[in-house]
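Next up: the structures, one after another.
In the two complexes that follow, subunit A is the common piece, with subunit B as its partner first and subunit C second.
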Partner chain A sequence: MLKAGNAQAMATITIDNRQYEVDDGQNLLSACLSLKKNLPYFCWHPALGSVGACRQCAVVLFKDADDQRGTLVMSCMTPVKDGAIYSIDAPTAQDFRAGIIENLMTNHPHDCPVCEEGGECHLQDMTLMSGHTQRRFQGRKRTHNNQYLGPFINHEMNRCITCYRCVRFYRDHAGGTDLQALGRNHQVYFGRQEDGLLDNGFSGNLVEVCPTGVFTDKTYSRHYVRKWDLQTAPSVCEHCAVGCNTAPGARRDGKGDPRQLRRVTNLFHRQINGYFLCDRGRFGYEYANSAARIYTPQAALTQPLIQTTAGSAKVHQSLSPADAVARLAVTIAQMRSGNRRVIGIGSSRSSLENNFALQTLVGREHFYAGLDERSLALLKLVDRIQRDPRVHSPGTPEIERADMVIVLGEDIADTAPRIALAVRQAARSAQIARAGELKIPAWQDDSVRQLTGIRTPLLVASAERTDLDDIASCRVRAAPEQMVALADVLAQALTAESGEIHAPDIAGLDTGEFTALVEQLKQARHPVIVSGCGLQSQELLQAAARLAFAVAGHKEANHRQTDSREARAALYLACPEANSLGLAQLCDARQNLNQLHRERQSEHTPQPTTLLVMEADLYRQLPASVADQLCAGVDEIIQLEIVHNRTSARADLILPAAATPEYEGTLVNSGGLAQRHYAVYEGSGWIQASWRWLADAAAASGELAGAELSGDEETHARLQSLARWRHVTQLSVALAESYPELAPLAELGPDWDQTIEGQKTARQPHRYSGRTAIQAERQVAEYKPLPDDDAPMAFSMEGIQFACQSPLQANNWAPGWNSNQAIHCYQPKPGAARLGHSSGQPLARKAVVFHSDSAAGDAARPTADPSDGFRILPLYRMFGSGELSNYAGAIASVTEEPFAVFHPQDLELLSLTAGQQIAITESGDRWQLLAKVSDTIPRHCIGVSTGFTQMASIPGAYIEREQIAPGDA
Partner chain B sequence: MERITPELSTEEIRDIDAEAGHYPHKSAVLLEALRIVQQHRGWVSDGSLQALASYLKCPIAELEALATYYQLIFREPVGKHVIYCCNSVSCWMLGGDGLQAHLQNRLQISPGESSRDGLFTLLETPCLGDCDRAPVMMVGREMYRQLSRETLDAMLSELRARDGQQPMSDHREQ
Partner chain C sequence: MISILRSLWLVFRHLFTRRVTVEYPEEMPYLAPRYRGRIVLTRDPDGDERCVACNLCAVACPPDCISLQKMEDADGRWRPEFFRINFSRCIMCGLCEDACPTYAIQLTPDFEMCEYDRQNMVYEKEDLLINGPGKYHEYSFYRHAGKTVSGKAKGEAAGEAKPVNVKSLNL
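Let's look at the complex of A and B:
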């Protein structure tokens, strides 16, 4: 007897005369797929449930052992029943399935050779699986006009087989409103009311959800190759701090084009992204191919060209990597001999290993986070709150099951989109629970959705409209301090013995609504609280923590949770960057850029100083005037960077750093999970991981004559260890030894030499074509594939191919299953964690009870007359607020211009009009913004777009009235 | 083509609000709202759809989905008289297809098209529920039964003669 899964209740079923034990409560299709049976399906999706629309998964159900005929049932709509007898192979079932396919194919074009789904098409797979290999239909096919759906998605409606998966994902799962099933009968059309950008931030998933080529990736289309010609490796998305797992695909074109990264697809991770990515994560990859990419080391010309250099920007010239390393080595040698101070500026978007290498090079006391004071303080606060034993950071499945969600101030739809998608599912958990009481299983999607009017309590407190407003049971638009008051009163109400709790004074929140909220929170067994660094308010984070502690106390007192983990409150705190929490482990709150600036200002004995900036843009963190002073105060700026930015424009030496899919490293997500990303491709030009540049230069500096004669022992030892590192996993181990919180890094993923049965994992599938010819235009000989010094993986097709045999394999493929839906072949059952997948390691942070720190108030709290001054509320956009994704062409093309949102009365007060260009000036900086009006923004607040390339750093927290004026037209 | 401004008229709003009172959910009134707009304007233009969407505060795509699902909601202008020609089996047995060909020839249009003078639109329909008096056609809300070529020609002449007195073929008596 074969077993599938290991959950609670089991059912014994017979399929084609063999007995199996399967999880009870699931549908038969899911059970068959768990047993690795090849049973075709279209409309069913593990995350979307069953609707029985496509009739493709038909099997025969027998009444009893004597029943020879049986009846056809749709397996996706049939719950497994203990003792039941089914047949997949019965001729009636096979004929029926083949007939369905043949019917679908009468209208499906014969365009596989020019279709971008070809080779990873679920429809191709299912057609072959059902045995329909000859076309008998000779008639005309139905045709449609296609729509322009924006720069991300191609539309080819002729290929549609009307499975309705697209609208079920887009509308039902992601909450989109602009994609609908139009028309009827033979003429059903999935599209928008008119041409235009699909406005839901998860539209990219249509590419994977659609079983055929109706929706395809338009960015991939521009440099398309077949799936089997891509090399892949597991990666982690670098565009926010959620830490979604991705499977980027790359291929060189053989003609020397350095742009190798072709696309990003989802890589299933049960605790984080499941089956879906957001559009910033899916389409943001283009930054690695952008025109601003740095491929070669560059040095600033010492002699200025004929007075052309405008301002402080320097003119750069390429130099060889050896010269660049030698140049950096000279700086290091001067540091060694005590003649130069080197200040290392680390990055929250680069790996722990890169930051550690920099820290090792310059020494802990010269290492600063590439963050301003405010941002780093917020991160340290998040870190302290998360260490408290009363809270834990929930994963996506836990958020989806929550019976109440409180979102405090964080615009997660724009700063942590995948979490917002999970919260959207949580809004249905009450409906699913009610369905359970009625004995309707959760996977009976259509039936469950019939239960209208039942909603999970969801409080969304925000500075402006959010994309979660449509599912919120209670919406509060407030300034941060009002949210703090609300959280505190809720916490009080939970802990107070008796009533007498008054609703806080917030416009739009009446006593009745507030009492309902308190009651809902008291009733909730699994509430989730979500907040984050977005509003840059430490008080808000602390209030969220206090509310979570109150929830934990309430749980313990009232629900008698036996499991200690169950008694902890779920608190998700969103951080800004992919490795924000990782960087916070490496430095203390003082090691920030403002502190560095102050120290430099007060330094009286000038010493030759180098700013060694690694993957950070100082001008994004600091007001330009401060960044200018910081840069002007040193005699050398060396930058390791992926793309040109305002800091690299001032650098004397620029070294090309690897982007996330080009090197191996560890990132810590908002939940405190350390995850490793692997090199997908070798990188182009002279690109290499930042730590390798530093290690190379450290080694070279040791060879410079006289270097070892001077300097202190400790510096010498540090540089020696840096120079000796060959594999990134050696840095991980060193990190684990240096920082107790990072101890799990030692166990994270296989070492570079840890092969499986002597084999490495192949990045390319067997069918990868053109291996011997791809470089023939330049060189007839076939090059030996580059070795990977960091992971037991090959940049070739040699080695382990199948995902279940190695956690490093990201190419979802199984015999007969060419599309990304092959993932179920590598799960014990659909939706369960991947087999053999290392899902990262949580940081080993010591539990410390958190005490609110009243001294740590928000900087620059308004004390003046509010009619004369304005609070700045940072606002975020999925497209526009991501530093790297702003370099992605498709994303940049739909990013709005930087804006400032005013309350109508404030706009009047300032004699401005909506749609007008305005300027905000502060300490010498001038931001040109588009004035917008919104009656949902609180009075005396200005919502300012944050993180946009044109105005990277945001104005300080408080702006005087005189600083806001009409701008240039 | 748009003769009527996209904004909903007071009569339309009055009718829609009256219908909305009958349903527990707002989404239920969308179809009736489409019908009301069509009753006043003859068809539902993009502008009308936009006006409805902003009045009912619903996504325009949702209205479009409904409008394109129901065949009697017109998203293109139609003639003053919409002729529904039955093409089901009883009418077919009694010469319905010949009659339809005759009609198409007289009006020089195919099903789904409108005559050049803007008077007639021809639509096919599966059954009008009057099989015992086949072949039948419906014009507006009026049935024409046991048709022959002669009576069909008479029907067209009558409709042409009537033109000008009754502006909308889809007009419903409330």
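Let's look at the complex of A and C:
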């Protein structure tokens, strides 16, 4: 979002004969909204600035106290001036605004009852606010035909009021190209040149940015309910590690359909997502409603089946939750008495509390992260780098203000999209700074954009073309090894007093460009370095860290920043999953799946063993042959899972786990911020949080094992504490006590009994409808709302309704403001952090100086001749690389099939053709991929799609030529 | 003493006044067409369901006894997938009828809704939908609203001009 000037000076202004103190440097509209004045507007948006297009926010400006007439000004284009006198209520201003809205409404199709925006429509709110109630226009309405914009967004062009917000967001803010303002005069049309999927990954924000119903959420429309019928709670997006705050909306179905989650909208968090979410986060929610969802406990049939086609998969049948708990309890009782070993496999997409409960159940030595060796090593490395006192993880506003950005290897547009959007804003920071020198305020969007040709230096080093290429001042496409060399040379150039620095040998990077890069880096006062685990290269992460340390040293030496916080270098390291960094706190690098596999292979004791897998798909982490061996080596597999996957197909017992919007827990994002997500709805079927299944089973096993207390004391104590936990906050406190890094968890949010003035926070808004009818088909008497054992929130309308009074409130609503624009009513001023403060605490990691660790390097190239082998470069897609979002129907419909990208010459060398199926074999496993050709990928490299449905990544970094062959047609 | 006599006298005098009550159900009282009784869902003049599942009746309902789910048919019309009124909660206030933008939900002069089992007071769409337009004979929402439905393309609603060809010069 834009800075409304740096000056925190105050100005005294008079509005309608009352004096107010407001921040100087902002525009009058923003000031009026900060004062909670009801002033209608359309084209202005706190993140997009002012253009004065809609003329809706007119107010009267008086010359002095004697001036009785005044002049009409657009408040969004008027800087507040100390001592100025304005009037919102002056009849001239009111008449003008009423006239404007009357004009805007002349072509409106009057279809509010069948419009998805109805009830949360900014146009409805503004029409009412301006007092336009009677249509006087007698002429015909201009109409437009709609376009097909893909499976996410519905288009209804006649509802448009031509505020231009959509193209300003889509093109200017998010860098999209395929949505345009077409046509002319009163026939302006916002759409594409032809029907087709909107190809920008932030297109979903059009739903919230558009003040009318031109762009609406198509997935939501399929199970649509009005905004006032949605129950909401603050949640955290589970589809990547950025940790965007979301407000999922859910409603029970009146026909008993278990699918309750209806949509996901943005929940403003100043430091992370601001006003915008990516499309994976917005539309990925459908996994919770997918056909693969597990609603009841299931047990594998024990009778031998004749001639099944299931292969190693098992045939499951439902069983009652009590039986399922009893079965798990038997396993635990055997573990208690020492007759069985239980190995717990934790999850990087599940909460800290769930992982901790599993760890408590099986003991630390039997707890393994559900990650392969390489992934866990990368996470531990990220953790170690972030502990270094010379670096810090920047928040989104800091990235947006950066005066130089270096992206090293990470395809953030696909692995951490919201950060890519922030980097895109950083590309304009030089322009905004220049505007500041010219005394143009940053919110004067159009004027600032007139300063063309001024760009923030942005180095994008990537394996393949990325969505940031269009804003990069320097593009480098290289293998990770070359990026390491580049980062090291840059670091060297920063630290070296003098001497020749030679550009590294990278195709496409000439000496001139490199010298410019060094110079820009030396000049930059707030550079941000972005890298991550995407390329699966430890050396790259270390090189990024070394570069960051050099930047920190340079900052300290040259810019003499007195504030130690300022002197730290901003280093953003993207992690793969929502709780990757949290899981990394709970285990050491040794506790990975490969290690477990090796231990199992080398062990020949006949002790019965259970694999207790929690929300992890082994077949996604390990090549199928290794996962098969791991599964075959144990005599029982018990899985807690949200959706069916290849691991659950082999499980003997499956327990339905709650999806992120169905339980309360804590996730740690890439920046090391622990954030709590709350249960939005009660869940369907027998779903409950994984830790509750484990606690129930632990309690039940206590009864089973009550008589024979063999086993060791420590196990008993552990299981007893697990069985005693009733509220998730008790687990958080226990976590805080067990791990010093996680100490802030104890302070993260209110306990279940910490009500505000005796009241809980209501999840349902005060207009929630159908309370006495929705379940009346089966039972005419109303059910009592289910209690929430974890948070002081009610699954009903009772309790506190308004966002400013409780940090637990996610429903944006204020009197007169039904749309999501109501958020300004809960901010001290538009764009500032919410009054009800977002939850989230940084981890209390002890500062340890990081030393590069050459031993922990990547696998070396096996052969000296590069033409023999190929470097595997993992490539990511916003739609396709997310484990859970791949289950979402709309996302699955636009996901490509798994692919391998070759340089044209390499493809020729291998005598393959683009569009052909190829197979890559590695130690007995086979990956079937679609061959693609790209001249932007470096030679002797293969870009392989990573994270696609139920597909593990290729374990090695290099493959031989012989391993690639044509695949099955 | 006097007050007792006065009361006796007043009661005695009432023996000769005209009866207000009628012998219901042998004699049915007159109820005006706009009487607020049992709720129905009506059809538009073409015989299509009027309800577009906008949820306004449900949100207006003081005892929250209306519940429905929107669905979109192949013809582009919004319809309720189910529409349920729990008459055991209904207070016959008529706010749903006031809120309805399509004249779909209407109250009728029928109040005879007695059941031994409360569950039978739950009416579904099949129970509520009648085969006529009710009190408002002419109105059809989709003839006015700009949304495209089968049989009515863009520009064919009341007061609409033909769609603009954006790719032409449109001078």
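We adopt the following convention: the second predicted complex is superposed on the first by the 943 of 969 C-alpha atoms of A that agree within 3 Å, B and C clash if a C-alpha of one lies under 4 Å from a C-alpha of the other, contacts with A are read in each partner's own complex, and residues count from 1 in each chain.
Simple rule for what comes next: a contact is a pair of C-beta atoms (placed from the backbone, for glycine too) under 8 Å apart; a residue touches a chain by one contact, two chains touch by 3 or more.
The structure displayed is predicted, hence computed values, not measured ones.
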Which of the two partners, first being subunit B and second being subunit C, lies in contact with A:R192: first, second, both, or neither?
first
State whether subunit B or subunit C is in contact with more residues of subunit A in the superposed arrangement.
C
Figure out whether A:V114 sits in contact with subunit B (first) or subunit C (second), or with both, or with neither.
second
Thinking of the overlay built on chain A, is A:Q134 touched by subunit B (first), by subunit C (second), by both, or by neither?
neither
Please work out whether A:R226 is in contact with subunit B alone, subunit C alone, both, or neither, and reply first, second, both or neither.
second
Classify the contacts of A:R771 with the two partner chains as first (subunit B alone), second (subunit C alone), both, or neither.
second
Touching A:R184, do we find subunit B (first), subunit C (second), both, or neither?
both
Touched partner set for A:T452, first subunit B, second subunit C, both or neither
first
Would you please give the residues of subunit A that touch subunit B in one complex and also touch subunit C in the other complex?
182-184, 189
Residue ranges of subunit B touching subunit A (in the complex, touch as defined)
25, 46, 49, 59-65, 68-69
Subunit C residues touching subunit A in their complex are 52, 54-56, 58-59, 61, 63-70, 72, 77-78, 81-82, 84-86, 88-89, 101-102, 118-119, 121-122, 124, 141, 144-148, 154-155, 157, 159-164, 166-167, 170
Would you pull the subunit A residues touching subunit C in the complex into a rising list?
108-115, 118-119, 140-146, 156, 158-159, 182-185, 187, 189, 191, 221-226, 228-229, 253-255, 767-774, 776-777, 779-781
Under the touch definition given earlier, write down the residues of subunit A that touch subunit B in their complex.
177-184, 189, 192-194, 452
